[in-house]
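Residue numbering begins at 1 within each chain, and the chains themselves are lettered A, B and C in the order written.
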Amino acid sequence: MSYISLSDQDKKEMLARIGISTTEELFCCFPDEIRLKRGLRLPAAMPEPELIWHFEALAAKNAAARYPSFLGAGSYVHFIPSIVDCLAARGEFVTPYTPYQPEVSQGTLQVVFEYQTLICQLTGMDVANASLYDGASAAAEAVLMAHRLNGRARVLVARSIHPHYRETIRTYTKNVGVTLDGIRAGETGAIDLDELAKKLDQDVAAVIVQSPNFFGCIENLEKIGQLAHDRQALLIATVAEAASLGILEAPGKLGADLVCGEAQSFGLPPSFGGPSLGFMGCRKEFVRQLPGRIAGQTKDVDGNRGFVLTLSTREQHIRREKATSNICTNQALCAVRATIYLETMGQNGLKEMALHNFHKAHYAADRLARLKGVRKKFSGKFFNEFVLEFPKSIQGLNGYLKGKGIIGGLDLGSFYPELGNCGLFCVTEVHKKDEIDGLVRAIEEGLR
Amino acid sequence: MIREPLIFEISAKGKRAFALPKLDVPLEKDALEGIPLRKEIADFPQVSEVEIVRHFTRLSQVNYCVDIGFYPLGSCTMKYNPKVNERAASLPGFIFSHPLAPEDLVQGNLEILKRIADSLSEIAGMDAFTIQPSAGAQGELTGMMLIRACLEDRGNPRKIVLIPDSAHGTNPSSAHLCGYRVQEIKSNRAGTVDLDDLSRNMTEDVAALMLTNPNTLGIFEWDIKKIAEIVHAKGGFLYMDGANMNALTGICRPGDAGVDVIHINLHKTFSTPHGGGGPGSGPVGVKNVLEPYLPVPIIKQSGSGYTLDFDRPKTIGRVRSFYGNYLVAVRALAYMLTLGPEGIKEIAEIAVLNANYIRKSLDKDYDLKYDSPTLHECVFSDKLQKAFGISNLDIAKRLIDYGVHPPTMSFPLIVPGALMIEPTETESKRDLDLFIEAMKKIAGEARDSAELLKSAPHHSYVRRLDETSAARNPVLKWEGSKTS
Amino acid sequence: MYPQDFYYSQDHEWVQVKGDRALVGITEFAQKQLGDVVYVELPAIGVQLTVHQTIGSIESVKAVSEVFSPVSGEVVEVNAELNTSPELVNQDPHGKGWILRLKIKNPADVQSLMKAAEYEKFLEGLAH
């Protein structure tokens, strides 16, 4: 099966106009020594029914998609309203190009403008871009942006930020003269404010924290912001679980200068990690250093309102090596999904969904912490994720749970050696009470 | 014409579009104490489901898209996005998989990641691929970081990256992000890399040459083997920007021509949808010499199945969370399996046929700066039309009136007033002829009724927009009732 | 068209010398090339510049151009009006669209610049 739309007659006429007799002549400029002289060693073409059966068989090998799961750690299961899939599947949203010709792209541009507005409303920032790849690369871009803004070369990175985010920040900053310094988490699970205060000095460009952090704990952004600003450093707040913005105060109102994170919770399924949706917003005065595409409002020659990609001189296609980032293609369709999701949930729905996450997670944490040998590791306040400590590594326990058709919490031993007996659990609005009760019962049995 | 308001303009208290089940666990009122809570999300929309459906449906209808018509966008490869790929990528077994689930419960996903990497290796002639980069630009950055890591391992990362003057803007910005200074290499009269300029600039201070092949003029760098020799002789690496892979599939493999590292755009060559600006995917392929540095984890296959290998001491680290834009990779694999080896070769054959048909049909109407044979795209310019005061922008905007999306404009920079046209292999002759006819009519209008072009487009949802005000006084979000 | 008492650089900047002060801007040709100016990046007061050092940049919608210092000196004043009205560079590039004022370090620097007639000839040469 191919998607060629030429008939035999068409090909004849086209070859004739060009003045050749076969398509082979079009490749005459290729040196013979680099021509591929055999067929590609790939599976034979599969007609559609065969292809679908093939992929269904592959999908069936993913039992994880069928079991109730209590994993979070940067990828979250939330209920996606039906109109999200239905509207986002429209060919007019799926198949257009980047809106560089605004006259024929007002659909995408207006949705992006609404998306930017929603992100600003949720984060308390003045300006947001049209999306970045994911929360991890968004964090890296934010760190680079802070460095560009004040020229300072050191960035303090909370160890309680998602390990993938920290690794990505490290990869991006390695070759541009920015050094990273880790700040550990304290007893409560939140960042150690004393260590932070000690390490803050005039060389620090920014402090970056995640809230709720990787352990699920809510950080004291206001205090952290004060400490940072006292030394004229910037506060970057990153949010891995965007659903938390439904009830938690906007980081911008608590002192954050840049807010970035992952918006997968807004209408995207876990998808084995991608595609995802990085977001980023900043204060008005920083806008010229903001990476990524931005849609702006304007008028056309008839005076009608319209939207365009703007402030393009920040970007790679104009600034080239002096650009704020090399990003070109971003995650536009994911931003469309998030916009539909947020507008559907609305003011009240988003808050209610977040409260369901909160209460169900606290119910689960309470019941689990009452089991013999299990205790809540951190005393800090949390949203929908929490860390429990067990008598030993939960590797065996998770194996037991798997046998019962349940995916338990994340074994933290591989990420944080000092938390080798701990598990990170996530509960969202999709977990029914009896599923949570089932988990508690199964863990109780498994620990015996 | 109904002008679609912003959602905030139709929002009002009391409307809702979604209801949640009753909370089935006890409320923990005290647990909320001491947490900084928001009172409400100021100005957040409150609308009904019907309003949302109509809002987005109407907005979708003012978007041009591949499903509506032709996009002659050079270097973008706007080919048809097969719907069976959407169906495959929507299977619950894929979309509900958590990326950190136990490996034995996600064998289907791991298998797909391995198979797409292997298939890309076969098509590009490389030894290994990583699917982690989320787009071409991120792939470029990854590729340059691999080169740097290897050179550092050898004792000297070097300082400079050579980039042809016809290169896409992401090339220099990616090199810069990697800590390299950029040195431009001139194109010769034929439009290809000037070998003398390359030899002069290729020193032991140069880490790599970033080459696009065919280049952004659609011309095949026929000296690629010689180019590779010049670069390798001084211990440098040859990076290939695979954005134009559509001209090469099954015909020539970059790995066979001396390329050490390449990125591929799945949302170009492998038919995954552009989505109005992403999500894309920019897998990076390498020869064995660079394999140890690939982003972590890599997918390994053993007797018992597939596994994630994190034990990679020389890795450059991660460029993003988890494994990449996974569902985009699923679509690309579905596409490769649908086409099979012959279908994949046909991509290049017909893409080049379609492009040359357009070139031959328009070469009397528009100026072609370079004479050399071109493959899947060609670059005209507005030189002939400039005589009447018409620029490529005017031509582009007038095309909209003819129901076609404009071609890529003003790029590459070495062709002033450029119009880069790439039809791809999925266009029908009828659509190609409609485009050719429109371009011919416009060339005539440039001569006889220039005003029509200067004031175009006339029939679109919005007409020419004031981009100057948008940049001078940016309005980047809805400002609330103040603006109404 | 091009003021007789100005000096001109090959990068299309102009200089008007008054005592030990130099007023600097970009020429009519340069503003036309750029198109509608949307933003001007100005240097800070007190910055020391050498000949051909980057002063800042001028952005239009689709392009950005670096501005180079035609003479060496210290920045003593910048045209703050350009922050709110960048279009002055287009409307009056040789007058209200001035960019900065330098205290000249080396008066001999102006000798290597072109006078109006020379600059106009230079522009003619570019057209071919």
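Here, contacts are C-beta pairs under 8 Å (C-beta built on N, C-alpha and C of every residue); 3 or more make two chains touch, one makes a residue touch a chain.
This structure is a prediction, so every number in the text was calculated from the model and none was measured.
Q: If you average the C-alpha positions per chain, which one ends up nearest the average over all of them?
A: Looking at where each chain's C-alpha mean falls, the closest to the middle is B.
Q: From the centre of subunit B, which other chain's Cα mean sits the farthest off?
A: Result for the farthest chain: C.
Q: Using mean CA coordinates as chain centres, what's the subunit A-subunit C distance in Å?
A: 45
Q: From the mean C-alpha coordinate of subunit B to that of subunit C, what's the distance rounded to whole Å?
A: Centre-to-centre distance between subunit B and subunit C: 38 Å.
Q: Taking each chain's centre as the mean of its CA atoms, how far is subunit A from subunit B in angstrom?
A: 20
Q: Scan subunit C for residues touching two or more other chains and write them down.
A: 38-39, 59-62
Q: Touching two or more other chains, which residues of subunit B qualify?
A: 467, 470-471
Q: Please set out, as single numbers or ranges, the residues of subunit A touching at least two other chains.
A: Residue numbers touching two or more other chains: 312-313, 318-319.
Q: For the complex, give me every residue of subunit C touching subunit A.
A: Touching subunit A from subunit C are residues 38-39, 59-64.
Q: For subunit B, which residues are in contact with subunit C within the complex?
A: Where subunit B meets subunit C, its residues are 410, 467-468, 470-472.
Q: Mind listing the subunit A positions that touch subunit C in their complex?
A: 288, 312-313, 318-319
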